[in-house]
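Before anything else, here is the set of structures, which you'll find just below.
Look for chain A in each of the two complexes below; its partner is chain B in the first and chain C in the second.
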Partner chain A sequence: MPQSVREYTGAIRDTVKSFWHGLSITLSYLARRPTTVQYPDRTPLPVRDMLPPRYRGFLEVDNTICTGCQACERACPIGCIQITLEKDPTNPKQRLVAQFDIDESRCMFCGLCVEPCPTGAIQHTREFEGTHRYIRNLVFRWADPMNPFPVYKVDKTAEYFPRAPLGSLVRQRLETLAWDRPAPEFLPPEPPKPAAAKPAPALKAAPAPTAAAPAAKPAAAAPAAAEAPKAPAANPESK
Partner chain B sequence: MNSKTQDLCAGSGKTARGVVLATLAVGFGLPLVLLAAVLLLSPLSKPAMLMAALGAAGVNVSGWSVTGQYVAWIVAIAVLALILLSFGAVISGMTVWWEMRVSSRMQSRVGYNRVGAAGFFQWIADAVKLLLKEDLVPADADALLFRAAPYFVLTGFGLVFVALPFGESLIAADMNVGIFYITAVTALIVVGILIAGWSSNSKWALFGGMRSAAQVISYEIPSGLAAMVPVMMSGTLSMQGIIRSQGAWPWEWHAFTNPFALAAFAIFFVAQLAEGNRTPFDLPEAESELVAGYLSEYSSFRFALFFLVEFGNLWVMSAIAVTLFFGGWQVPFVGPEAFAAARGVGDLPGAAWWGLQILSMLVFVAKTLVVLNVVVWVRWTLPRIRVDQMMTLCWKYLVPIAFVVFVATLLWQMLIARLPVSATVSGAVMFAAAVVTALLFFRQTRQNISAVGDRVDFTNW
Partner chain C sequence: MDKLILRRVDQSNEEMILNFGPQHPSTHGVINFLVETDGEVLKRAIPDVGYLHRSIEKIGEIVGYPGFMPYTDRVDYVAAMFANEGYAMAVERLLKLEVPARAQWLRVIANEFCRIASHLVGVGTMTMDIGAFTPFLHGVREREVINDLIEALCGARMTYNYHRIGGVAFDLPEGWRDKALAFLDHFDKFLGEFDRLISFNEIFVKRLANVAVIPGPMAVNYGLVGPNLRGSGVDWDVRRDMPYGAYPNFKFDVPIGKGFFGTTGDCFDRYYVRCLEMAQSSRIIRQALETLPEGEISAKVPRNIKPEAGEALARVESARGEMAYYVVSDGTNKAYRVRVRTGSFSAMCIIEDVSRGLMVADLVALISSLDVIAPEIDR
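After this line comes the complex of A and B, so read on.
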């Protein structure tokens, strides 16, 4: 490509000028304070407190105001919420939440479960630090299967539901549980009344441990077998 | 949550004092120990001085055969070679750390901050990680050449240190063909890169190797022509001779006593960047096009060798530039007579002579570090250029200008022969112009900061 003398000298001048301006710009940034912060230490506040208030971190359920409506479970597009309801054996009109598991390792933090919740029991927090050696520890169990909690009765005139401070429940969980604790074995909850398991014959119990609990230890086969008759009852509810 | 923060930094706030002390001890101690070893061993590895030192240490060398004296000398030389290579490796690792720190500041980031104070031990951690990895050889690669390539590169790098000065008498071998020798052995690096590219049996690696060969061989021409300018001004190829022909003060440096030498320095600098595969000329390993170029198939220790050489070359190119253009180790107020007087007439030099050697080494290291920082700075300022632009720059700009500078220097030397004062005048004027330019540059930098309402702030370094 032919090049005039003016273009040739102009290219040299451009080079010198771009060196001049470019080097002075990078040097000026060298002398400034970085805009990024040093995570996780040397931050002025814990990082969760510097996040915007509507940050979508880990989900938190306040089971004192959970109505057990399962709207969140239906809304979840990837099915990482698992709720099991059962009747209170002492009071047939009272329903209990026996299982409220949220798999935070599968959650995509879309917030669709928060929208339909009538009382605001399920909410996103600003907690996000969930480093765990075993990924199953990221399944947060908001109901104790051994001690199911009763559903909350909504007062129609209520304008406000008494909720625990947002983030306090999940933070307490994250702080008390060691990051490298052993993973739980997800056996189905033991039924409160083992009497119902009696008619379960051996032919029904045999496939259950292999299909339902591949990770369970062989020693755990007996409780799994005992659980087998309950599974059909729970399935239609949770679909 | 404290169980999760498994780093050396205790909690929030400041780095623990022990970590800071350990970092300072290693960061300053390691280079100081190596430089001290160079200081001691490079004069002592000369045969006469070695025998004198052995005699002074109480060893009776007079009864030794010639063979025994040779063996003692070879052992001293081998130890010096090991020290020089270790110095190259350590300075290369520390350059990696420093470059990452500087680059992150230039990009408004914090950068390395986890291992040790200011993340200083990161280069050691990286090296350990690389050494522990598996040394993979691709199934279809030419295994022998693939394994051999890093050693060519390392040899080309290590041999440079033979003729690289550190101080007045601190050089492994002051050859009378010093700069020519350095140009010759650095060409071995491109052989290694080409072998690496070819033997990997990968198209990315081959492209990278070919680009590197084209680039390095093209830029040898302006680089050599520009290096001829100080050679002509001092009338010798020896590295120490070139430094001795310059003065200690800036207006006595080659870069300023000849107005064309500054242009020669610019050409030499750009050509050295290209030969060292540094950004903006890192086309052989352009990650946006070639994955990692000739490095694509390498892992583990062989990869570490390539990286060691790439970053160690920063020191080498800076030291050569300082030697050729910026007065090398010349200490103000200390002329050759002062060195001779301090040395005395005995076989072993006096303590004052060693003090002067330390002073000259400090001057040389300081100047080299300044140039090294400019290289780092340029890398994080300019984007990578295209292949055609790289060739255009070499053949249409650097080579013709280098020839002009070459001829102009010949004429300038004729002028100096007639009118010796012209060198002094040029030195004074050029140095004053350089100072004014630097001041203008810093004013421009301050304006860049204040124009957007920021201020100079080094608190978070």
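After this line comes the complex of A and C, so read on.
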């Protein structure tokens, strides 16, 4: 509490003085160019081209140089990569990648899968604009289950591996596929419900029916139990 | 335990029990306080933690050693570098790895940039809680440049995942050093401007000086760490007193609170210690960039990490104080137990004692001066 008139007016003077100090700085910024940029239409370049090259965006797999070693699958801490290998029926020595699914909606973009890749087939791109109406559309299938691709044989003397330009494959997918296209159906069709009808079986039943349905491919790539209550434990088919 | 049971409220007075949070804008995340008030004066404020518990420590027992690294980003998302480094150091001690010198230096550079970014958010949100919005934008503007630098370094703006067991993930990109030095030149001027803008503002000082005083012994008893402890006048910094990494090679001061405008250990001291620490961080980065040695950025680490059975503790000086990782290995490729000790949790404990007799508006100043981050409290 001020004891005298002098102290009282002094406090007012100090306040106004320090107030003016701060305000003068604020006013000096009024005349400068703003630091903010309106997204997305006022940027000088598309934002993905302004990002640094190490940016960790959507994962991209070039299946022409994928060796099918599954190192990325083992390195992923959340298990959002699912790879299935099978033998070529015509050539028993050739292995085929029948399934290479990356659930981008679960990916946390940590970059641990990129490091062990021997050929650089799996890479982070600078793509990040992947809005989709249905979250199951974010499961990117890099191998066609109907038409599996053969694994790449690493040439020990090779200087580099012929990779498609980074980002071109993901961009092609994101641009050609409509953001609000319908979500994929589940395969195989829903198994008949058990007699004891529980009120909400989807969440509880998710781990068990993988064993119960041997026709299903091993270990659902995206259980998606939370957002797909009507289809317990089945694989998404994003075709 | 019976401290937490609410007292019967005297209806004849103006006593009330109110919920402060969990969605209150000035609680810095999802923290709930049960506030017993008598009119405008607090009887006490009881922090009710646990809204952001994500069982990160349990996840550490399920994913392997390298796989836990991205999860440590989520322990403290404003200063994720330190959480990375603490975990990496703990596992390196289990593996008895020697980290190359260049990796140590790169760790220091990344850490100190992260400390500046975190303190900018800390002091910025503090001024915003007190009622000044402009300084927050100034702080965030500077932080944005740091974010861009770190993004160019490791590819992400918040969840860096830059440290690896045995080193770091990336070397400096081309031209990064010049950009960093240019920013630091600008930043040193910015700190003076920030002081004129808000730190020595008369109203701001009056709001913070002599408010919620935490004396040094009390801070030690409650286990406060980092800037909160140093604000109370206790001279303790893990970087200097228990040197790790490359820190013994750099000269820096440890600013402590001296009662700049009032009592030692008031809100202003805790605030201003952070401002002074940013200048020291800038000094450390300059020295580190000057003396950056050549060499490997990562030690030779087996792909399948299987440490011998044992335990290791690593302490780092995070932006929110001392952060400790305790990792127990049972000889398999997954940790038997991972434990994180963070500074925000102990900062929450002290609120109940300090808040007695405060005004409701001063509680906001107290919480923001402790610079708690909600995910770090619960993990």
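Convention: the second predicted complex is superposed on the first by the 176 of 239 C-alpha atoms of A that agree within 3 Å, B and C clash if a C-alpha of one lies under 4 Å from a C-alpha of the other, contacts with A are read in each partner's own complex, and residues count from 1 in each chain.
Please note the rule applied: a contact is a pair of C-beta atoms (placed from the backbone, for glycine too) under 8 Å apart; a residue touches a chain by one contact, two chains touch by 3 or more.
These numbers come from a predicted model, not from an experiment.
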{"item": "Greater chain A contact set [chain C / chain B]", "value": "B"}
{"item": "Which superposed partner A:G22 touches (first chain B, second chain C, both, neither)", "value": "both"}
{"item": "Contacts of A:A31 with chain B and chain C, given as first, second, both or neither", "value": "first"}
{"item": "Partner chain(s) touched by A:P77 [first = chain B, second = chain C, both, neither]", "value": "second"}
{"item": "First, second, both or neither for A:Y134, with chain B first and chain C second", "value": "neither"}
{"item": "Which superposed partner A:L174 touches (first chain B, second chain C, both, neither)", "value": "first"}
{"item": "Partner chain(s) touched by A:T43 [first = chain B, second = chain C, both, neither]", "value": "first"}
{"item": "Partner chain in contact with A:L112 - chain B first, chain C second, else both or neither", "value": "second"}
{"item": "Chain B/chain C common contact set on chain A", "value": "11, 18-19, 21-22, 25-26, 35"}
{"item": "Complex interface listing, chain A residues touching chain C", "value": "11, 14-15, 17-19, 21-22, 25-26, 35, 51-56, 75-77, 108-112, 115-116, 124"}
{"item": "Chain B residues within the chain A interface of the complex", "value": "1, 3-5, 7, 9, 11-14, 102, 104-110, 113, 377-378, 380-382, 396-397, 441, 444-446, 448-449, 454-460"}
{"item": "Of chain C, residues touching chain A in the complex", "value": "63-64, 66-71, 132, 134, 141, 144, 148, 151-156, 159, 161, 169-170, 173, 193, 196-198, 200-203, 303"}
{"item": "Chain B contact footprint on chain A (complex, rising order)", "value": "3, 8, 11-12, 18-38, 40-43, 129, 131, 174-175, 178-179"}
